[in-house]
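This structure is in structure tokens; I'll ask about it shortly.
Labels A, B, C and D are assigned to the chains in the order they are written; within every chain, residues are numbered from 1.
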Amino acid sequence: MGVAVTIETVFFGIFSLGALAGAVAMFFLRHPMRVALALIGTMLSLAAIYAQLGLHVIAVFQVLIYVGAVMVFMIYAIMLLDVRDRSFTERFSPLLVAGLAGLLLLVGVLVDGLLRGEPVVTPVIREDVFSVGTFAAVFMDEFWVYFALAAVLLLVAEIAASAVIDIRRRGEDLAAARREKLDE
Amino acid sequence: MSEASALNLLLFLPVIGGALLLLLPERRPDLVRGLSMLVLSAQLVIAAWLYLQFEAGVSGLQFETRIPWIAAWGVHYHIGLDGLNLLLVLLTAFLGPLVVAGAFTSITKDVKLFHGMVLFLQFTMLGTFLAQDLFLFYVFWEAMLIPMFLIIGIWGGERRIYATLKFFLYTAFGSILMLAAVVYLAFTVLSQDGTPSFAIADLYLLELSVPVQVLLLTGFALSFAIKVPMVPLHTWLPDAHVEAPTAGSVILAGVLLKMGTYGFLKLGFPLFPDAAQLATPLIMTLAVVSILYGAGLALVQDDIKKIIAYSSVSHLGYVMLGLVSYNLLGVQGAIIQMVSHGLVAGGLFLMVGMIYERCHSRDLGAYGGLAKVLPVYSVFFMLLTLAAIGLPTTSGFTGEFLVLLGAFHAAWPLYEQGLTYPLALASAAVLGIVLGALYMLRLVRRLLFGGLQAPEAQGGTLRDLSLREMGILAALVAAIFYIGLFPNDFLQKTEQAVIEYQERVLPERAAEGVR
Amino acid sequence: MDGMLTLLVLLPLAGFLLNGLLGRRLGTGFVNVVGVGLPFLAFGVALWAWRTLEAGDGAPIVETVFTWAVVGEYSFEVAFYLDRLSAVMALIVTGVGALIHLYSIGYMKGDEGYARYFAYLNLFLFFMLLLVLGRSLLVLFVGWEGVGLASYLLIGFWFQDAAKARAGRKAFITNRVGDAGFLLGMFLVFTFAGTLEMDRINEAFAAGLIPVGVATAAGILLFIGATGKSAQIPLHVWLPDAMAGPTPVSALIHAATMVTAGVYLVARLSGVYLEAPAASTLIAVIGVLTAFLAATIALVQTDIKKVLAYSTISQLGFMFLALGVGAYGVAVFHLFTHAFFKAALFLGAGSVIHALNGEQDIRRMGGLARRIPWTFGTFAIATAAIAGLPPLAGFFSKDEILWFAIASGEGGALWLWALGSLTALLTALYMFRLLWLVFLGHSRMEPETERHVHESPVTMTSVLVVLAAFSVIAGWFALPQYLEPLLALPEVRFAWGGWHLLQVIFAVLLALLGLAGAAWLYRDGGRPADELWQRFRRLHRVLAGKYFVDEFYDRALQRPWRWVSDRVFLRLGDRLLIDGSLHGLAALARWSAAAFARVQSGSLHWYAWMTLFGLVAVLIWVWRYV
Amino acid sequence: MSDANLLLAVSGMLFALGLVGVVVRRNLLVMLMFLELMLNGVLLSLAVFTQLLGAEAGAVLMFLVFVVAAAEIAIAVPIVLLLVRAGRTLDPGSYAGLKG
């Protein structure tokens, strides 16, 4: 293999480091908002890696859906629930030590596995393959059913979410009614 | 209409009916009942037509449909009629409308759901009988339990939860073992033929070593024996019967119990012939024990439903005895006895339901002398009783006579070879006709004869049977006498399949031409 | 003609259906016409069938109706078979049957279940004709069980009396015990002969291809069936209780026809018994013992119908004695004569009971001879007939039986004859006792009853007269000789024919002795007899208690079976062992589930950690072993 | 070490960190975010292998996973909101009583 470090490897290294740094930071940040920002950093790094790999479409979706939709939703939730309870004052759960031990174990096993395993052939980056057009053609030809299913799932999730909210509202109404009764 | 599609229509009619049922308003139970009645009557008509079209003496399946279902596993939607399931399909279709008619007044809670369950049950039961693919069979076999649980669990008596649980535990236990055996069989087919298949006809051709056969037969047999039920796996039956609503009891006794014996007939013995022969003494013993044990228990019960439930144990003992005789007389008798028991026990449960509707008690001690105030009811009860104790000219006699004759016929050559045991068992089974008379006549005497006594009957003003009830019972009684007097048509249609059954289980004896 | 026998059988069935379905609605006129008319019509058809048979010189007429079942190579057909034996039986059944139907009009007048009664009686006739005319054992068995059913229904006819319903049940179940033996015998015969048609069975056995052991076993098993139906030891217990039914029923079913079915069966299958001397010997022994023991019991019974019931058992014992020594024709001869005089006796008793408004205890009768002369006259003739006074019917048949008991080359023995003769003496004694206590002497009736004593209507007395007439002349038909082509009489062991004459004289002397004894012992309301019994009190207790057979069966069979069912099957087996282990398993499952449930703490962190741990374990395992 | 191995190692690390994060952090929302992290780690592997094998299906699968993830969050966050309304805390330890 030699030491011939290509420019791609360097970029991979940088963005990988970025992703890992974001992940590690998530551990230590106290405020959920900051955790969220760190996660967004990780995701953006990953998007960059995808782009590097030639998966431009995926990179775009990573930014659009993950960062743009999921994390924004998450941030709204965090802002909505600025609860400063024990989860805030005590950052870590009782299983901190056990968890870290688990981490060591898991990492050990993964490293062990990576070292034992055959090195993977360097990816051949084929810019032309993952053009949007190809992706779209494949997507619409072969996988449209699955997409439709996923869309249905999404729809169900939306309905469920609104139902959950509705239940809450009704529950509150009930509680209020009960309170009124008690007051009388 | 092509003939095979008639069979498919027969099978799926209840599903179509169930779908239509969904469209009806819950507030109109009369419509719900009417539709169910219509659907099941149409089913009966189709079944009768199929029966008439069924050709006697032709080998193999008739009205066959075979469509790939799960191609990767070699599973097919494969149904067809043969001599083994013909009469049971007819019986199932016959009892369907009677069950719905019997529930006209007794089910008032969740009418729509109830009829949906009955239709679903009808679908799954017919599917179990018709399936010619082991996978399909298993699916129907399991699916059948769901509506039955619900029928007992929702419309049942006071201890229905206990009964449902017991029923579930027993049957689930059996099903798991059967599933394991099914999976093993499937893998064996794959390794022997190279292509996966669940077709029962293919499985018949498998060559299995004797220990494997024993193991697999155990798996199947436990499941089937629980359904039959054979002593000592019978204790779920009285509880389930007692707690079930009338319709549930009728279906349970009329059709569900036949699943077990049908399983032995269709799968258990022919799939594993060597193991079957090894197990024959055991099964024969258990069958005779069931006959006597059930008769004994029926004698000491005071709950009318329990008496009939235990009598089922006894009567199905005859069926098992006939099946393991492996000769035409015995097996033909067993098939007739299955149908007969379906009619007789079904009828008796309906009659218990009718009296329960009037007096709200199942305690034998609370009754007496009903013959005075309910003459029509008593006549029908008497007729069903006579069929239950196997009086000649009723279907019970046809079944029991052929079974006992077959058992004796099979046991005698063994006796001449110096094996006394089977002959002793066959002779002991004959005692069952005495014991059967003992408990059934006790029931009749306490219920119908003696001084008048009936709960909730002010001044002896009990309503005798309505026209609807008379119609139900008349249909049953007519069928009972038809089989008692003219069983030949039935026997001719089943004969070919029974000959093949014998050839599969006892090839050497069949080769000698001993029937 | 084709369909003659079918018509004969179907006539009473039509009566049953019409009366059963419509009788209640259409009233007694309709019931009478159908219920009584059809049996008479059937008798006419039976006569016609008999004439047809004789016109063919006794060649059997076979009429196949339909095929009941074909299983493989075996075919079970419903076919009727008329030869001289079944013709005689059919004539008895329809003849006596029709008369008793006629009698019943008067006896059952005003009963609530009038239509039901005639329906049942017609049903009985139908099944009895099936029994008698069936060609195959299967058809015979159908009739056999069917008459049992009719008997059950008629014994329990007044079902609101629990004791009567119970008597019906007892009869049915005792018969079922016999039927179990019958079925086994039938199976055994079928296994060897390959058919159930009785003429072919007889041929198969006569051909000598079947081992003696099998013939003996089959013979004994079929005889068990016969003991049930014909009330022989040890299955005789139901017949006395069967007297709970209406009296005409007792006359028809429990005296003249149904109970003789066992005799008919053995005679019909004489081919089997000829090959099985051991079974024949057993039949003779059982027969003579039954005859003797039942006669002793009859001596002390106080219920008029019970006396007649035990007398019936005893007479049936005589018939079996004849069968056992190979004199089948003689047994049928006695069956024939017995049908008339016993029917006359029962109907006479019925007439007495009718006259006394239901009184059945002979200790509260007496002196009825002048009050109900027709009944008395016929009853006296029948009594003389059963006692064996010449030239009445019983004399001929009983004499033949006793003669063959000693002279038959096929199992005749001195002791059989001696016991039989003793029984003949006892028969005369208890029958004349009955006559004396009921009709002679002075009245011991309750005054209230006495005031209402009346002779029965003419429909009843005319029947009595006809039956009494037949009790006189029935013995003059040489039935054994008529049946000889069918049922050969056994060889006689003695060369000198004079022995027979001596035996006849002896038998007549015995009958006269019985008459004289009864006249002496039972004059004056039976006081001399009572005094005599005072000295043998223990014996009296045993006889009055019917040898305590009922009690013995109760203790030895019925109660143990209930006990086993209740304690062993139900409590030990079902509840303790099976359900107990099931509940034990359930408890085990619950306990282990509780243990596992602790793992499910509800802490998400804990769950996630377990996932992590599991993942590590899986990875290690995968990389190490896969 | 090639690029692929590097990326796979990163993927594994991300997954491991995500899993441990779920174990050790106490805030429900943070735990949810760690779940997303795990999912991202896995997706990275998927991307690498898609590229290696040149299979378009992989990309489509990734896209579908995005959709599912969005659905998951859409249902998870309202549940958390509800829980907090009821229990006024984001500590999952307080909800241990919700086990079956």
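As a working rule, a residue touches a chain if its C-beta (ideal position, glycine included) is under 8 Å from a C-beta of that chain, and two chains touch if they have at least 3 such contacts.
As the structure is a prediction and not an experimental result, all values here were calculated from the model.
> Hey, what chains does chain B share as contacts with chain D?
Touching chain B as well as chain D, we find C.
> State the pair with the higher C-beta contact count; candidates are A-D and B-C.
Between A-D and B-C, the larger count of C-beta pairs in contact belongs to A-D.
> Using Cα averages as centroids, what's the distance between chain A and chain D in whole Å?
One centre to the other, that is 5 Å.
> Could you put a whole-Å number on the gap between the CA centroids of chain A and chain B?
Spacing between the chain centres: roughly 58 Å.
> Can you check how far apart chain B and chain C are, centre to centre, with Cα atoms defining each centre and the answer in Å?
A distance of 36 Å separates the two centres.
> Would you kindly tell me how far, in whole Å, the mean C-alpha position of chain D lies from that of chain C?
Each chain's C-alpha centroid was found; their separation is 89 Å.
> Using the touch definition from the top, which residues of chain A touch two or more other chains?
Answer for chain A, listing residues that touch two or more other chains: 93-95, 98-99, 102, 106, 110.
> Give me the residues of chain D that touch two or more other chains.
19-20, 23-24, 93, in rising order.
> Would you give the residues of chain C that are in contact with at least 2 other chains, written as numbers and ranges?
Residue numbers touching two or more other chains: 605, 609, 612, 615.
> Go through the chains and record each pair that touches.
Touching chain pairs, listed by label, are A-C, A-D, B-C, C-D.
> Which stretch or stretches of chain C touch chain D in the complex?
So the residues of chain C in touch with chain D come to 600-605, 608-609, 611-612, 615.
> Residue numbers of chain A touching chain D in their complex, please.
Per the touch definition, chain A meets chain D at residues 1, 8-9, 12-13, 16, 19-20, 23-24, 26-27, 32, 35-36, 39, 42-43, 46, 49-50, 53-55, 57-58, 61-62, 65-66, 69-71, 73-74, 77-78, 80-81, 83, 85-88, 90-96, 98-100, 102-103, 106-107, 110-111, 114, 119-123, 125-126, 129-130, 134-135, 138-139, 142-143, 146-147, 150-151, 153-154, 156-158, 160-161, 164-165, 167-168, 172.
> What residues on chain D touch chain C, complex-wise?
Listed in rising order, the residues are 19-20, 22-24, 31, 92-93, 95-100.
> In the complex formed with chain B, which residues of chain C make contact?
Chain C residues touching chain B: 66-74, 138, 141-142, 145-146, 149, 152, 156, 159-162, 165-166, 169, 172-173, 176-177, 179-180, 183-184, 187-188, 190-191, 561-562, 564-566, 569-570, 573-574, 577-579, 582, 586.
> Mind listing the chain D positions that touch chain A in their complex?
Residue positions touching the partner: 1-10, 12-14, 16-21, 23-30, 32-34, 36-37, 40, 43-44, 47-48, 50-52, 54, 56-57, 59-60, 62-64, 66-75, 77-82, 84-85, 88-91, 93.
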